[in-house]
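Some structures to go through are shown next.
In the two assemblies presented below, chain A is common to both, partnered first by chain B and then by chain C.
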Partner chain A sequence: MSELRWNPMLEEWVITATHRQDRTFFPPPDYDPLAPTQPGGFPTEIPASTYEIVVFENKFPSLRANVGEASLSPTELTPVAPAQGVCEVVCYTPLLNAELASLPVAKVEQLIAVWADRFADLSLRDYVKYIYIFENKGREIGVTLPHPHGQIYAYPFIPHIAERELSAANRHFERTGRDLLGDILQNELEDGRRVVLENAHFVAVVPSFARYPYEVHILPRALRPAITDFDAEERRALAEILKGVMEKYNNLWNRSMPYIMAMHQRPSDGANYDYYRFHIEFYPPYRTPDKLKYLAGSEAGAGAFINDTHAEVTAQTLRETSPHRI
Partner chain B sequence: MRVQKKQITKEDGRNLNYYHFPETATPEEKRVFEEIEAPLLALREADQKPTTEGDTDV
Partner chain C sequence: MSELRWNPMLEEWVITATHRQDRTFFPPPDYDPLAPTQPGGFPTEIPASTYEIVVFENKFPSLRANVGEASLSPTELTPVAPAQGVCEVVCYTPLLNAELASLPVAKVEQLIAVWADRFADLSLRDYVKYIYIFENKGREIGVTLPHPHGQIYAYPFIPHIAERELSAANRHFERTGRDLLGDILQNELEDGRRVVLENAHFVAVVPSFARYPYEVHILPRALRPAITDFDAEERRALAEILKGVMEKYNNLWNRSMPYIMAMHQRPSDGANYDYYRFHIEFYPPYRTPDKLKYLAGSEAGAGAFINDTHAEVTAQTLRETSPHRI
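Let's turn to the complex of A and B:
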């Protein structure tokens, strides 16, 4: 049972999804629900003996198209709303032991085409206001299914972080006539110390205001509000820089790097967002090879991140790390 | 890049989309996709209505 409960203190929705308490949690090694279904084998989520890329609705969704009655009566102070939306799982490889970084660039490019199709498809649903494409990678992040996969959440509202980014971008545009991320990108290119990787269409940086030591933002050189706005050449370039950043992460300490990959783009509510630039953010939780950056008191309780490093230093380390599989 | 898509409804009512890339698919992947009993769908571009015309060049 999912519903939205309004937090009047932070002015944001909280999704409650009590049925998710019993979702699949580290299944035994011989049971991979995201693998293809083999003849004579147990049925998985994918009823085919192989696949290239599949996207399906989550079995334990936080949001769903058909919603039931809320469990809590709303009040004027604390409204309750249906958690109507869509949660999808994106399986981009049938192999348990692969990861996105290990796939060829052409495969990453195919995934980008799928992301764009999902964004366009989900945008057609009138109850969907914001489409969030992301990947949780690694046990440290809280991944409960080891098979590599991404997710898509199509929310019935604009989530808090997106709302803040959009508001900041809008205020900047009103003040300057330019898009905020374009100005941030220009600053980073002029400074140079925090650039990690770049190509003809994208630049990867550790932003000066990074909250995680090895946080990377991938910014398009052109103002594109959504993934559907990129042409074939830009999609290829995005695939190349994504793979390069992910390989750098894995080469940094010679092991697979856990992270959250978060795609930020315009909402799908039909309003004008021509002042907002699509981008991808990576949040790797490790600050050293054996120390995690926890979201503790200051971050979780006050919303003030503390970064124990300077972006210029970690960016240099990443820049000097190979973007190719070693 | 050519892309093909089929959508099925799983036994519990959830939608599942298969994406197929003819230029890189193995013979096994091609066979499996062809055997999926569902019509070919074109990929959606933003603000365009869907068609059932098969391949999409992206």
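Let's turn to the complex of A and C:
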């Protein structure tokens, strides 16, 4: 039901997952499948009467551990491979009307420990090459379940954007002996205009080359390739800056801000990636309070992003927005 | 007001165009800026009382011929360059309530002549490296003016997706002496299941590796790198298959189908691209009649596309849909 098909024009895998057409689509609040199962109530995905954070396999996965036969025969030009991998759902809270930004810092810290645990655990599977932790938030992003949750995809290949970042970082390291993202961070700190928030261990910036208005990257001050590399103090600092960025987003237009949160880290294929720095990218879909930024002809068809804002301006706006709930 | 900023992580230019925030957004039908100017009426973009096809410079361009100074100083890691180029609007018809699919074949043929003319003309400018002809159709794609029109972007660089296709095609040619897209077409013709429509000079397929449900590629049977390379008979055949594909789209769910139409051809930087074949790609945004395909976490953050359909099935559906207006 799931397979990888090779695109020889763009040299990347496309995942087909036809069973996902029938996935749950905005169930009524009383039938929230990510809520705890109430005594006498309908059985949700979580057979427990409450939980703190829960991780389980996606019921409509794009990738799965046990793969069947491919529907298509490969050709030399267009290989076909099993879509072997793992898709997990991470429920942040049993409450339907909460969100990551509204959870206490200690809870976000706990979530970071869960992410690190899942990264370590999924890394042990030999078919897993890249573990991608992310969140789609909001109807505008295409979310089909409103319950606050994130996802983890364990791909059997290094996905295209990760591959490009790794390749650029590797070449930069060969050339300079330094890690690319560290140099980008240094640049941003020297300029200062695009810094949104910082603490002892992390910096949040709208990078000069942001593709989306209000795009924010959170970078660690030290070279850490994966989420498993942070000590307790760093985890606490990451929880604080994550919550700070998300509260700024919500305070910006005084409503819950949709976004894609994308965690970029080293692959888990066993190679050495000591030149690559962990970071988290946020892409909110709005360019103004009431206008979406679409990925249309230039972005989708040519790969040239047009950003209707300057990072210096959006960063200043976000910097001047309170990081505390208002 | 427009500049190119280098993204050193993804090694691509991002265009910033802050003046575009204020572009015209769904004007009332009586103030259609792409209509001909009526005697005594308000002055539209087109100072003529009617027209067949008209091309003019976008009033809110992402790229322009006369560029001012950049707002940002470059660093070694993050170069900044003038966004010098051209953005043109191509109005297909003076009628607001028409669309490309509803125009007669002879009119589409005329449009192809206009595209070829603009390609040749824009190629003469030394700062233009790549000419991209496209159409964003439908509100779902982010269109802000409902009047039927396409666009032409003349970029001062080879945009990322074109660069990847060219690089893959170049390596395939070095390896085999054949052009990659010709081999892909051969594969598709031998298999046959994904062919949607064909005529003496062109074939329309849903490629096995489609990223979008109902994605269609139109390929010429002969190796032609640019739209300027077609003779009169080929132009006629291209007009017929273009209209055929668009009518199938409209007939599929019996309503006007939104899409991105992306024309991929050789760059205009003077180098030799005889190994690269012109083609047109269509990406409709729907995965079912009432559900959009979103580019969310996996696509936007990792670069891994998930297609909830198999090309064999969507191609069959489109093949069995009439190419004539129903």
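The working rule: the second predicted complex is superposed on the first by the 326 of 326 C-alpha atoms of A that agree within 3 Å, B and C clash if a C-alpha of one lies under 4 Å from a C-alpha of the other, contacts with A are read in each partner's own complex, and residues count from 1 in each chain.
Criterion: a residue touches a chain if its C-beta (ideal position, glycine included) is under 8 Å from a C-beta of that chain, and two chains touch if they have at least 3 such contacts.
Just so it is clear, the structure is predicted and the values come from calculations on it, not from any experiment.
Asker: Quick one: is A:12 in contact with chain B, with chain C, with both, or with neither? Answer first, second, both or neither.
Answerer: In the superposition, A:12 touches chain C alone.
Asker: Could you tell me if A:54 is touching chain B, chain C, both of them or neither one (first, second, both, neither)?
Answerer: first
Asker: Of chain B and chain C, which one contacts the greater number of residues in chain A?
Answerer: Between chain B and chain C, C touches the greater number of residues in chain A.
Asker: Kindly classify A:141 by the partners it touches after superposition: chain B alone (first), chain C alone (second), both, or neither?
Answerer: Only chain C; A:141 stays clear of chain B.
Asker: Contact-wise, after the overlay, does A:287 reach chain B, chain C, both or neither (first, second, both, neither)?
Answerer: After superposition on chain A, A:287 lies in contact with chain C alone.
Asker: Let me test your reading of the model: by the given contact rule, A:300 touches which partner, first (chain B), second (chain C), both or neither?
Answerer: After superposition on chain A, A:300 lies in contact with chain C alone.
Asker: Between chain B (first) and chain C (second), which does A:127 come into contact with in this model arrangement: first, second, both, or neither?
Answerer: A:127 sits against neither chain B nor chain C.
Asker: Between chain B (first) and chain C (second), which does A:173 come into contact with in this model arrangement: first, second, both, or neither?
Answerer: neither
Asker: Spell out the residues on chain C that touch chain A in their complex, using ranges where they run on.
Answerer: 5-18, 20-21, 25, 62, 71-72, 75, 77-78, 130, 132, 134-136, 141-143, 151, 153, 155, 159-165, 168-169, 172, 180-181, 183-184, 187, 207-211, 260-262, 264, 281, 283, 287-288, 291-292, 294-298, 300-310, 312-313
Asker: Given the complex with chain B, which residues does chain A contribute to the contact?
Answerer: Spelled out, the residues of chain A in touch with chain B are 45-57, 59, 106-107, 109-110, 113-114, 116-117, 119-121, 123-124, 226, 228-229, 232, 235.
Asker: Which residues of chain B touch chain A in their complex?
Answerer: So the residues of chain B in touch with chain A come to 1, 3, 5, 8, 10, 12, 14-21, 24-26, 28-29, 32-33, 36, 43-48, 58.
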